[in-house]
Every structure is written in structure tokens, then in C-alpha cells.
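One chain, subunit A, links the two complexes that follow: it is found with subunit B in the first and with subunit C in the second.
On to the complex of A and B.
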């Protein structure tokens, strides 16, 4: 986990608000480093994590988490982490064999209009079904759902409405019903006004921003490419205090390095000063 | 910062067998050396050479095993096809196995056009021009008197190259001899052999991609490239070359319509390809005629599903071909995406304005460096065309030597 990001968000593994939906979004950039941060953060906070890793393989997440100080294989063995590896499951659907048992969570690959119902059932069973496990198992903290990333589902042919339904169902289950947290990553392309080809991801982004409590939006620098500053991140809180919800926005620039990421106010990068 | 390979020795050795991907860092005891590969100095990835040393440098030392390189074709598919041939030729020289899939030309035609390797030059590295370190005292002749603030900056190093050699050089004017070529094992996938046109036209999905994926998986399983098979026998790398994916000849209408019917067929295929590659010792190069795809968002999706992505734009046929500014180069090269594999940081290129040139013995990628135009006639017009008149008031003199006032 990134210590600077923890201080920006006013959280720590010992104390964080529950029932939150954190949306990580990016435009023409790659915000997956934030997913690695949240994964190691919640594993350190001894939460029970359900991770839908659709974009990369398990070894990739494991290697990055190792550098951040958390072992995914150990967490999986202890039962703290339920990992869904999209790449492995998809092969059993795309290239079916007779004696191959598939979990069925990626049914939408065979028939996109079916929607993400089976994926939601997988999430539900891993989040709720664990409550009645053996008594000798360790007690973990609140449940957390991490999704990396939703745009892969759009690329695989799932309808935008189905993805929004899926996120809504997961939010109702994880955030409201069992007071856990949810972190989702969605990736967009460049904004174009007269473009009706990318309606999908723009609609998805707007719908998710409406549903979330905290939005971390990652973009490239508006002034162009720089090797030392990898981009800017906008943090947007939606607090519902009292009657009027108010929004608070902060803008930071960041640089990703081997063992983490550093965040700083605009113009205060060490490369510049 | 560099992560040396033997420092990760904490991982147990038997993780190599069970359901792991090709990104598993190999521990010291189980270090298998596959000819033609080397570990990356940055993060311990197993790398292969693409056949073009400048491209290897751009990609951070080479192409990582288990990843996909997407090449967006130039307009006439000349240079992207050349890079694909370099990639396959490098595989022949390193004794890797090849898998070539095409829909347009027979794979044998591509294989017969592979450039001949220059095997004498392997041992001799080319001298690389190093930038002058800043602390060195300059010669008095070189000392700048006017622009002295720029004195200590390093000289512009245009050529992209690293100090250690990896990969071979090829002579483009000759084709590879048949004996060398036939020594390498090559699997072919020629689409018209697998799909009859009538069945493809009426299907709801694009069958060609699933046939290709199935064929690739069969080859991987049969020849033992899968990581799940035990490590007893010697391992090799499978190089996959997919030519002009997404074009109409694959049965896909991405390049024909603004709103294609099967807009997700290619992205689903690329997802399946990524799944296959991550779980085997293979590496893929895919060329795609992106200039035919109108939907930029779809291009963004395709790029995100591949790991490395570059785009080529050749000057042939455009007005830049005759522009003296670009006379040293054959085209521009754009780096669209660089992956981060097994680590947080990615190896970003230093500069984003790159140009390439295909010489007889080398395909060079250089930083596009436009020197200042020091000719007498270049006053204000920077287009490089000969400046006709430095117009004196009143007279329409065509020469610049005799200005009458």
C-alpha cells in the first residue's frame, strides 16, 4: 500500500470507513497501480477479500503484491483471499473440452446477452457463503470486493446496462447489506464530443461515478508526456452529511516506481524542484 | 531499479509446475536456459529478441515471453510485414519454433521471404555512440562562446541501442537459405484451409478467430510449450506471428463498417490469446491494419488487451516522402503502450518522437531529430523548399544574391 495515498485519503489499515464504494477510473492512462494499492491495503487490514482479476494473471498480482509486502498465495491458503482468475476461466469457455469442469462464472463469453448473472452468483457465494465455514478458521474483518477491471467486460461483448446492473447488485450486497467495501476499476478512452462509438464506456463511467462514494480519476498530464511525472490523479469525495451532499475535489500528480507510488501537489515534483 | 534474478529465490521451486504463468521468476536452482532468451535486468522477466535491435531497446531489452506485441500497420503493410519477418527470422536463427497464421497470403510465402542472417557479425558488437558526460572538459575548438549555457548538455544521441548485444542482424537484400529455414519447425495456419467461405458467411460469430485460437492451443499442448507440463525435457519458445488480424479476409467487418456487427470478436480473441500466452512459453506479434478501423474507442480496447503496442506510419506515397526534412527516414514510429509486467513501474521510452529507417543490414529506430537548417536561403520558410525571393521592396528578383536597393 502507498503510505502517501493513505494520508491523502485519511485512512489506514486500522481504521477505514465501511460500506464505501470506491471507483478508480482512468482516461488514456493506466490506473491499475491503485488496484494493487487497495489489494495490499485491505489484506493488511485483515479483511476478507474477493478479487475478480480479469485483466492479468494471478502471478502478476502476486509478484506486485510481494513487492508491496503482502503474499497472495498465503492469503489464499489461509482463506482470506478468494481470487477469480478471468484469464484461466475464459479458456474453458472459449475452447470447450468435454471433460472440462468450468465454474460457469464466465458464461457471458459464450453468449453475451446472458449478462453477468453467473459472475454475480460467484461473488455472492464467496462473500456470503463463507460465513458458515468451519469453526477453526480465523475470523476476518469486513468483506471487500475488488474488480480489475470492468472495461474488460465491455470489450468481451457485455452490454453496458448489464455491467451497471452488476455493479449495482454488488454494491447492494457488499456495501449496504454486509457493510463491506467495494473497489472497481473502469478505463476510458479520450473524450470526443461527436463520437457515438464510445458511448459504452462513457455511459458506464458516468453511471458508476453517480453510484460511488469516492472517485479516484487518473489522467495523463494536460501539458503532455513527461517521463518523471506519470500523470495526475483527481480525488473526489461525495460525502452525504446532513441534508446536502457536498463534493470535495483534490488534484495530485503522481509517479509510479518499483515499490509504490508517490503523490505530490501540482508542480512540486522532485524532478522539477 | 534493477531486481536481480537470484534475489527472488524465496519462491519455492515447485511453483514452476503448478498453474503458474510464464512470468514466474525462475529461482537459481531451477534456472533453465533456453537458447535465444535472456532475463531482463529490470525485473527478471524472460526476454526474447524481436530481430530488430532498436525495437528491443524500445521495449525494454526485448519482448517478454508470454506477451503480445501489437503492430499497427502502415498504409501499404510494407514495414510491419518486414518487422514480422525479422521476428520470424530471429526465431529460426535461435532455433525456436514458429507458428504463422495468415488469411491473405500463404504462410509459406512469408517464410520464403525471410531475410538472410548475417552470421559473421554476431560476435562483433557495433560501437555505440555514447553521449559525452557532463563533467568532461571540452576542447577549445568545441567550446561554445555564444550558447555557452548549452555547453554541458550531452550530445544528442539519436540511435537507440544498448551496450549489450542481443539478437542478430539480417541482410534484407537476400533471403534466408532453404537449409536454415527448414531446420526450424514451423506450424502454419492458413485460413482458407480451415474455413469454407459459405459457412463463415452465415454464422453469428466470427468463426475464424475461434478456429485460430483452437489451433494455437493444440500446438501449444502437443509440442509441450505449456507451463503445466513437467520441466524434465528441454524447453523451447514458440513464436507466434499473426498477420493482418482484423482485416476483412478474416471474416471480420471491423475494417469495413463504422458499426461492425461483431465488434467484440477480435477483442475476445485477443483476451483468449493473452490467456494462452500467459500460461505457456510463447510470444506473439500481431499486425493489425488500424488505419482501416474508424472507431478510435475500439482501437483503444484492442490496444489495452495487448501488452506492447507500436504504430508505424510510412512516408511512402505521402507528401512527406519528398520533404527534405524527412529525407533520412522512411517513416514515423509511435509507441502506443508499454506494459508493466510483474511490477508496478513500466519502462517508458525517453522520447515519443521516433522515426525509423530500413537500411540493407539494419532496421534502425531513431529519435526524430531535426537539426537546425543552416543553409543561406532558409530565412523564414521552414518547409525546406528553396526559398525563392527574399523580397526587396518593389522588385521581383528571383535570385537572392543580387539585391538591389
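On to the complex of A and C.
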């Protein structure tokens, strides 16, 4: 959990807006440090987290969260965290074994035109299916869905429209129906192309920006590589929030450390001042 | 022109609000809904993009009798098994049945939020056909649609917008709350009028037109600064008098390849540059016989 980012977004584990769709996007950069932030943030806030880890293994997230002060293994055992390990599930689809219970969530690997309906069913069952409380189970806070990341689905052959439908359904379920929060990561590699409407990741990014409430867009510095400043992050509030103006954009620069990240206004890095 | 459109759309009219990632046209759409409700019109909204609560947020609760929101947000593809309205149901019969369910004597205005959702799941020709049939059909008086231009190919956007009688393209303005609207209106006689206005939307979704963008700014850049004269205010004279200027222009520079030089080089004149050589004894130096005494 990065305390500076909390103050920028005006949230804390004790009080945060519910029913929000936060989109984390990056262009030729790596914004996955923000996913680790939100994971530790919501676990600290005692929310029930459903995490679709499609890009990395469970151990990776566990190791990074350990540095941020949160134990994923413990959270999983207590039932606070439902972790979907995409890398393992892929193997179980492609190399089916007798004793391996195939959850079917990744069956789009066999048949991409089918779309992401089964993945959505998995999310739905983990978010709503937890209604039946076992004896002695702890009461957790609002549900949160984290996805890392959506661009992996594009490279696995899923259609852009199917990914947008999936995010729409997740938003309808998580944000609107049960008033939880949703954080999704989407990555773009190419430069912005005005003409081509077919470019997969660009159309996906634009479609998700239309759906989201808050967009954190991470990019490299426009002037080039710098050792002390790793990049810039644009915070873009989309919806009306009380008296806030219609669309508010703020630009910050950041540096990722061993145990966190620091954010500062442009030009105020401690290395520069 | 924006305020004229807000005051009413003619029968059989089709208005499209085009927006992009940088500025959402939903607030303007809600302004149109509010204005129509204030005129005592019946409105049916096909809600795909956002939830019903989010759409109703900010609208006055007293008008909800004439406002019918059809929830196509929670299950637009039928994944849950009992959908309210799906994207596949966007056809003339289904829409006419939908609108006729609520029996009102006046034909309603149909608001679609958004057309992009439908275009992603149905082919553009089918969508255009349905829209055209709706306009001519008579079940609805007018249609207002929201279209996200950056989510489709230019051809698709162009085809759908070609059907519209009025187009409003919104973009973010220079200052915080302002936005720029480019309005195109096609009248029945075939005349096309275009205008560009700056507007802002208040909390109760009333639109205030601030100014016309086409006449504002850009005038400050036209006056060029006068070039500073470097030869003024000096203690010595750098200027040339008229005779000096003439002499300067007559002067040929030494290395400039002029026509006279060219002819002089190509046709050398007599006695100019001929080399006469008489062999000298000292020049006759044989490397292999420096003393010149070998009998070879």
C-alpha cells in the first residue's frame, strides 16, 4: 500500500468510495506496481478480494505483497482472498489430467469465439457464492475484483469485443449490483494510432476508459529515461463526484522503491530539487 | 444552434451526440432528456452503457412518470438466463413493442445510451436499417443516440452519422468545465448548417452557451511584431547611400561562377596560359644513373 497514492486518490483503508471501477493502464511502461498497491490496500481494508492473476504466478504476488506487509497465503487460508492462478489453469486446460478438476473458466483457450462467459461465471460464483457462511467464518467487507491483466486475454486470442463484454458484465455485477470495487490493468505497447480502429489494445483501452470511474495512466517520461524518476502517472476522474468538476486530470511523477513507490508533482523529485 | 436543438427535435428527427474518451457526452444527453421532460414529452431510454441509477442520478424525481428506462445494462447478452432487454432485440418489432407497452397517447422520444454497444454486437447495416425504420415507422417521434466515435472504425461512424438529421460532436474545452460542441444540422430541404459553440452544463443539467468558438481567440496571433532595425541608434554609420548601393550591386564577387568566366574557361584566348618548356640539364635526373657515367 503506497501512502502517497492514498492521499492523491483521497482514500484510506478505512474509508473509500464503493461501486468504483478503477482502470490502471500503461503505455510502453509497467503499471503492475499499482496492482500490488490495490491488492494490499483492499486486503488491509478487510475486503473480500477476488483476484484474477493471469500474468504472474501466485508466488510472485505473494513475494511482493510480503514486502508491502500483507500475507497472501494467510488471506487465502482465512477465505479473504480468492485467487485464480491463470498460468496453472491454462495448463490444466491444455493438459487435462484425470484427477484435476477443471474449473472451465479458461475454456476460451480451446475455443476463442466462445468468449469469456465462463470466466465471468467463475467471478460470479466467487463473489456471490460466498453468501453461504460457514460456522466461525469471519465477516468481510465489500467485495473487490482485481484483474491482472486484460491484455493477456487479447494475446490468448480472445476478441476485443469479448473482453469489453466481460468487463461490462463484471462491472454490472461487482460495482452496480453488490456495490463493490473493481480494479483492472490493461497494457498498450504501440504508439497511439489515430486512423486504425482495428488496433486491438487501443480499442480495448478506449472502451475501458469509457466504462471506468477513475483512470490511472502510467507512461514513461516524455523526455526519455531517467534514473531517479521512473515515469509519470496521470490520474483522471471521470464521473461526477459531488462538487468536483466534470473531468479532472492530474499528472504526477513516480519512483518505485524496494518497498513502495513515491509520487510527487512534476519537477519536485528530491533528486532534482 | 445547440439551444435550438435543446428546445425540441422535429418529428422524424435523429440526433446523434458523438463523444470520445476525453469528454463524455452523457451529461449533454441527460440535458436533452431533462429539456424534453420539461416539455412534457414521453421518453423511453434504452440503457446499455450505465446502470439505471447512474442515468437517473441528477434528474428530477418528479418527472419519472414520463421517463421509462429499459435496463439493458445488467444483462445485454443474456448470460444470466433472464435478461430484461438484450442487444439482439434491437429491431423494429421489439422496439415498437417495448415502446407500446406503456400506453401513452403521444408518440415517445427514444433515447439510446449508447449506440456503440449495439454496433459492437450487430452489424452496422442492420443497425442503420433499424434506425431508419424507427424514424419512418411512427412508433417513436424522434431518436437521440450517444455514439463513442473512438470505439469504431471511421466507416462505421460515418455510416451511422449519415442517417442523422442533427449531429453534435463534443470535445473538452480549454477551461475546466467548458466543452466545445460542433453542431451540424440537416434540414428537410437539404440545407446543411454548421456551428461551433462553447457550453457548460450545470448541476441540474441546464446548458449554458458561453460563446461561439469560431469568432473567439486566434486574433491575437495575427498582429506580427515589427522587425527591430539593427542599424538604428548607433554611433557609427552602417547605412549605405544610393550611389554606394549601386556600386555594391555592380560588383562581381571573385568566386562566383558567372557567364563571362565560363566562356573564358571553355574557349581559352590566344597567349593566355600557354606553357613553354625548354628542357634543362638539371631536370634530366636518372634515378638509376645519378652521375650519368654508366655505359648502358
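Remarks
Keep in mind that, in the parts below, the second predicted complex is superposed on the first by the 257 of 273 C-alpha atoms of A that agree within 3 Å, B and C clash if a C-alpha of one lies under 4 Å from a C-alpha of the other, contacts with A are read in each partner's own complex, and residues count from 1 in each chain.
FYI, a contact is a pair of C-beta atoms (placed from the backbone, for glycine too) under 8 Å apart; a residue touches a chain by one contact, two chains touch by 3 or more.
Quick caveat: nothing in here was measured; it's all calculated off a predicted structure.
Aligning the two structures on subunit A places subunit B and subunit C side by side, free of any clash.
In the superposed model, A:65 makes contact with neither subunit B nor subunit C. Contacts of A:126 after superposition on the shared chain: neither subunit B nor subunit C is touched. Between the C-alpha centres of subunit B and subunit C, as viewed from that of subunit A after superposition on chain A, lies an angle of 90 degrees, to the nearest 10. Of the two partner chains placed by the overlay, only subunit C lies in contact with A:165; subunit B stays clear of it. In the superposition on chain A, A:90 makes contact with subunit B only, not with subunit C. Once the two complexes are overlaid on the shared chain, A:25 sits clear of subunit B and of subunit C alike. Judged by the touch definition given at the top, the superposed model places A:201 against subunit B, while subunit C stays out of reach.
The partner that reaches more residues of subunit A, of the two candidates subunit B and subunit C, is B.
Of all Cα pairs linking subunit B with subunit C in the superposition, the shortest spans 5 Å.
Residue overlap on subunit A between the subunit B contacts of one complex and the subunit C contacts of the other covers 195, 197-198.
For subunit C in complex with subunit A, the residues that touch the partner chain are 20-24, 27, 49, 51, 53-54, 57-58, 73-77, 79, 116, 120-121, 148, 150-154, 156, 172, 176-177, 179, 201. Residue ranges of subunit B in contact with subunit A, taken from their complex: 1, 3, 19-21, 23-25, 210, 213-214, 217, 258-259, 263-264, 267-268, 271-272, 274-276, 278-279, 294-298, 300-301, 304-305, 340-346, 348, 350, 352.
Those residues of subunit A that touch subunit C in the complex are listed here as 117, 120, 161, 164-165, 168-169, 172, 176-177, 195, 197-198, 203, 206-207, 209-211, 238-240, 245-247.
Partner subunit B is touched in their complex by these residues of subunit A: 28, 30, 32-33, 36, 56-60, 63-64, 67, 87-88, 90-91, 94-95, 109, 112, 151-152, 154-157, 187, 189-190, 192, 195, 197-198, 200-201, 225, 227, 230, 256-261.
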